[in-house]
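Okay, so chain A shows up in both of these, paired with chain B first and chain C after.
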Partner chain A sequence: MRKFIYLAVIAASALILIQSCSKSSGGGTTPTNTGTTFDRKGMLTNISTNIIIPAYTAYQANTTTLDAAVTAFNANPSLTTLTAVQAAFKAAYLQWQSTSTFEFGPAAQIELRVNTNTYPADINQINSNITTSTYNSGLLANLAAKGFPALDYLLFGTGADNNAILVQYTTGANAAYRKTYLAALSAELKTNATTVLSAWTSAYKTTFVNADGTDVSSSVGYLTNQLVFDYEILKNYEIGIPAGVQSMGTTFPQKVQGFYSGISLQLLNQHLAALKNIYTGASGLGFDDYLISANAKYSGGSLNDGIIAQFAAASAKLQNLTDPLSANIQSNNTAVVAAYTELQKLTVLLKTDMTSSLGILITYGDNDGD
Partner chain B sequence: MLNTITTKLNTSFKVSKHIAPLAVLRIAFGSIMLVSVVRFILRGWVSAFYIKPKFHFTFYGFDWVKAPGAAGMYLLFALLIIAAILVTIGLFYRVAIIAFFLCFTYVELLDKTTYLNHYYFISVTAFLMIWVPAHRYFSVDVLLRPKLLVNRIPGWAINIFKLQLILVYFFAGVSKLNYDWLIAAMPLKIWLPANSQLPIIGGLLTQTWVAYAFSWFGAIFDLFIGFLLLDKRYRKPAYVMVIIFHLATAWLFKIGMFPYIMIFVTVIFFSERTHIKIINFFKLLLPRTASHAPAQYRLPQFKANFIYGLLVLHFAVQVVMPFRFLLYPGKLYWTEEGYRFSWRVMLMEKGGTVFFHVKDPKTGQKSEVINSQYLTDFQETQMSTQPDMILQFAHFLAAEYEKKGIKNPVVTAESYVTLNGSGSRLFIDSTVNLATEQETFGHKKWIRPFNN
Partner chain C sequence: MKKYTTILCTLILAAVFMAGCKKNSTDPTPVYTVPTTYNFANANFADATTRLGMATEVGNLTKLATSGAIDGPRIKNMLTNTNAPFATAAYNTSGIQMLDQFAPAFKTDIISFIDSLVKVAATGATASRGVAGVGASSASPTSKYALTGLGVNYAQVINKGFMGGFITYQEVTIMSNIATYDNTTVVNGSTAQEHAWDMAFGYWGVPIDFPANKTGAKFWGSYTTQVDSGYKANKILMGAFLKGRAAISAKDSKTVTEQAAIILDAFNKLNAAGALQEVQETRAAISDNIARNSRMSEMYGFVYGIKYNPKRSISDTQYNALLALFPANLYDLTLNQLNTLRDAIAAPYGFDAVKDIL
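Right after this comes the complex of A and B.
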């Protein structure tokens, strides 16, 4: 027996030599954890209290205003009430950019994101809903015929100017059902917003704060996964696909978010700022503090510095563009693609560096650590 | 010394032993496999891993292993359940264990996304169990055909399992003997603080010294536990350590059934007296049956020789496989060339993102690929850090774009990987057209060096 142990020790020592010669070089850049405990619960408390719930509160107020403006417009369609609906639409759509990330818990239950913002809008489906006077919000085919993209089309895209659009709701064919449809869409947004907000303010906030682990179904796991996922939506759908980066250079300017209202870039900037705000936890504990406490490294410096710098670099490139983004794509796509490329770099930092430095699991399934 | 070892091996492999440990192993392995397979189905993984994906990452040389569709997949898993039950109770044992081995291995070969060392261990154990008479004692087979009953078997039939387990632990220990694990306490320095919410020990897990203590203890445990279990003086405390170690890892990490499988299977190390006691305990729970005069298990010489040859070959492969990485240049954890099938578990925190670009050589126009159009999250995550999978997906993309009418599409991968907190860096040479690179056992020159 003893001989077996001796043999094992000898073999092990020989192997230590082999392995340390060939592999030690990688260790020089590994971070040294400071050993301080990061208050994950504190981060969750901060983000839910100061970011998520205020976002849903504002969003619920905005959709209420929008729904009321639609009601007023339907009762008395005029250029004034139309302009009021359009303004309320823009305000709500902008607020949605700060709300879309939190697709877990109450929002995930009603699939808020796809029900609110599936674009490009399906014009044929919308028009056929109107001509046949039927709209079933539960139908899968209606995902691209509801929410903000459908409203964007109905309020901005059904005529060359507001006078022409107004006609659609007064003397145009199917004007009555068009109004009914409009009202159904704004009401659905409001109902969904109210459902999610009340779930958060009643019980879910406590659930959220208490799930303070790091696996896939912990709140940090949800938040990280959704931060990354929503960021990829921004990168791919708000700019990449329209600019043709996934279609051999063929551009699709009409696929931008908010194509008819022409506020795509404004929405994009708002979205990026909102994601950064979640990352930094506004002025409280956020992922930035978490990464600093884990002493996460990137390219010789701190990972947090790298991420903040990349947010700035991407924003700077977006400053070179102007609304409507669809026109930019047609006239100056090089600048659009340049902005996309800068945004792409941030994907890597958030998706790979951040999750890996914090040991956050991003997929289901067993693992044995490879 | 070598001489004494050879004689020792010779005697311990030929000397006649009581069959009880083998019967216990059969019941332990069969029942834990039943639990594993049922758990896998209940989690929805059959569908998520084998039915839903449009593309599978097959193993090199096993492209012919194809997912048989939803009905076929569930049939395979139904067979696995039946086989696991039959193995446990020892009915139609040989057929059952062969079916289990084949079905399980087939499923594992479908997609390397789901590769886990513990699945490999299950395949290996099931393979070894084919060659031993585990059903000839305390089994339904014996109940139906009392002539099958034997009570003495040659030592090798039990000792091959001990040897296999020793190899698993020992190589797992050896793979921890490197700079990252011992000196930098990586990846535990990342993984342990991620569990700081746990009651009682949560606060400790954020301490640096705890990461070091766990790393060193883990390495020492793996290196020596197999040998300690062999010696009857240390066996009991060693087995207690096995239980504590595996339960701790089960608590801290998402490693599924592996800890419980090891706790069950390592029972084989106990003496035949202990195993007879276990069997007697089981007998108390079952109706009494008439006993038959037991006999010594004997194999015809040609069969025995065949099995000996097979086992020698098997263990030779087992001993050599974990060292094949030495044939490849570069840092093993980075290239993962020679990484699988070597009992390297929980060794690295590796993450990556990969963007594929397809270029039409005729027009020079480029497209970025949305990987999620073709891959599940799980597949994409696994692919992003493993060069052979990146190459497979590049070939798949080349074929897809050929179908779309682009001749000889150029497929490049822009990928960033971080290893044990190194910070992400370029992983694959993003100028290389992967569509024209072939998979071989040779070194992939297009993997960029870790340090640059």
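Right after this comes the complex of A and C.
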């Protein structure tokens, strides 16, 4: 009997000593939010299958059509072929609004967003590229001289009407290089779209679905950050800055997206609808279900209801505006600012309430501290 | 008999386990408490704080380059504390200067950095490729930068130069020689070793209750927080500074050496971490030519400053190869170059896994 006691003592003391040796294992910080039982993998599967890949597929097709239209135009510049390029441009630009959000993985790898849509276009840089017959697509200094904003200028902004624009590509100065430049820009859009789409359809979709945690380098982390970041681009660059909200009322109508084609509002509405579609996960699992599962509250009701209502309120205000948005800013900026104000309310819900309810960190900063 | 055998077994086993716990069974570790803030009663790093304040005043003057000519001779006088150049009167009468604390190469480099900035500020031109002058960020036009025709913002190179050629140089010099300082004779309340350690802490530029309190953190004290997402320099450095200082006072030289090694390692890595953080800043301003060049200048300042660290872990060949990756004109930067720079900076410092989140 005694022997057993000694053995027990030995065993116990050994255990104690071993325990005292091991360092505390650190970890142990479980997220305080509920919703931990939410099927994040299901949400990522739904969003990638039913939203992201279809978006890139359509975008790749649109840019292919655009590039083909440019080729046809360059071979035979006419009002007919010009109108065809312009139509293809609008279709591709609108589809981009449903594609711009996913700036992580393959798109981030090639900085797709800034290569596609840096505006306002740098007219000086564009014209200097044309007059010197040099365009290096790799130079970051050319970001505002490429993509949709540059095409917007080249296809809609280089003459008072299509007849005048056509002259630039036929008998105007530097017509030959202008066509070369146009072709380089549309080809680049197509190449980039193809690169990103094939990455998604080969390996990246699996990577995306499997990174189903909530830390900063998880897919939910990336998607949430980019959803909010892209939403802020919409709010600030597509409407706020042109309407003068960051310049004490001094307006910059020429800074709107799609200034020369005059489709700014169409683009904006499409973008907002696309962001809402990502939020709701279309008809499948989305951030709405995630917030419901986390039991997130807002102002006495559910946060999801608050967000859906605010999407609707912002949309309603945008319905009061008409294209071209730049003209609205000049004639009726009060209505433009009113729409901006509703959009701003949604920022808070998405950026602060949603992310804190889900325990997701916003990792992008607004500026550096030097 | 059996009973004694069992007891003996117990003792032996216990001894074995205890020995396994101890780090060093021959030299008993002195018992002392490591505080959670740098509130050592005899700590004194006022001179370090003063010098950081002087460097801050240099920074304030260089910032004026965005609104016209700047006073080059006065900035140079600040380095040697000549002719009462400082706005803070106490600095002028402090009897100390910055220049004699600089890495030898930085003493001459900073003069040409200042000359370059003075030249840019005097042009009155608008900055563009090939034209030295002042440019505005396209995203936030109130942010202005004085850039050379090659796109270099020398105000940032000077600032990062202070961090590498002055602060890191001091940290490395003190930490690699810490054992040679006397730790017996008390002068002005502390031993030479305690005081040297205090100065190193002071040069880091953080409040004594950092990182809980970050008020007034400057130079590396600000950057250790900026890179904290990928490299936990705040915790590493604060822990080492506290433990090492407590160890000095307790005459625990072994621990002092260990903590000094941790600090040396951290300051070796910080230039790379800072450069990678600027890669992210550059990406954030990627379509903003002027702001992007300024961020690139910050990155260049960090990378260039690696050479001031006498204990740098990369070879001269590696260092020169890194510098060669910068475009000759920052206006000509491509995304590929930026990514190549990022990878080349991250690899030798073990930052591959965190190179995009620093």
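In the analysis below, the second predicted complex is superposed on the first by the 327 of 370 C-alpha atoms of A that agree within 3 Å, B and C clash if a C-alpha of one lies under 4 Å from a C-alpha of the other, contacts with A are read in each partner's own complex, and residues count from 1 in each chain.
Just so we're on the same page, contacts are C-beta pairs under 8 Å (C-beta built on N, C-alpha and C of every residue); 3 or more make two chains touch, one makes a residue touch a chain.
All values derive from a computational prediction rather than experimental measurement.
Enquirer: Thinking of the overlay built on chain A, is A:A296 touched by chain B (first), by chain C (second), by both, or by neither?
Expert: A:A296: touches chain B, not chain C.
Enquirer: First (chain B), second (chain C), both or neither: which does A:G249 touch?
Expert: After superposing on A, A:G249 lies in contact with chain B but is clear of chain C.
Enquirer: Counting touched residues of chain A, say whether chain B or chain C comes out ahead.
Expert: Touching more of chain A: B.
Enquirer: Touch test for A:L358: chain B only (first), chain C only (second), both, or neither?
Expert: First partner only, chain B.
Enquirer: Classify the contacts of A:D161 with the two partner chains as first (chain B alone), second (chain C alone), both, or neither.
Expert: neither
Enquirer: Which of the two partners, first being chain B and second being chain C, lies in contact with A:G240: first, second, both, or neither?
Expert: A:G240 sits against chain B, while chain C stays out of touch.
Enquirer: So which positions on chain A get touched by both chain B and chain C?
Expert: Dual-contact residues (chain A): 3, 7, 18, 20, 246, 363-365, 367-370.
Enquirer: In the complex, go through chain C and note every residue touching chain A.
Expert: For chain C paired with chain A, touching residues are 2-3, 6-7, 9-10, 13-14, 17-18, 20-21, 129, 138, 140, 156, 159, 222, 226, 229, 281, 283-284, 286-287, 289, 292, 295, 298, 331-336, 338, 357.
Enquirer: Which residues of chain B touch chain A in their complex?
Expert: 1, 4-5, 43, 45, 48-49, 114, 116-118, 170, 173-174, 177-180, 183-184, 186-187, 189-191, 193-198, 203, 206-209, 211, 223-224, 227, 230-231, 233, 253-258, 326, 331-334, 336, 339, 344-353, 355, 360, 363, 365-370, 377-378, 381, 384, 416-425, 450-451
Enquirer: In their shared complex, at which residues does chain A touch chain B?
Expert: It is residues 1, 3-5, 7-8, 11-12, 15-16, 18-20, 22-27, 29-38, 40-41, 212-215, 236, 240, 245-249, 294, 296-300, 303, 306, 344, 347-349, 351-353, 355-370 of chain A that touch chain B.
Enquirer: Enumerate the contact residues on chain A facing chain C in the complex.
Expert: Within the complex, chain A contacts chain C at residues 2-3, 6-7, 9-10, 13-14, 17-18, 20-21, 110-111, 114, 118, 136, 138-141, 143-144, 216-217, 246, 363-365, 367-370.
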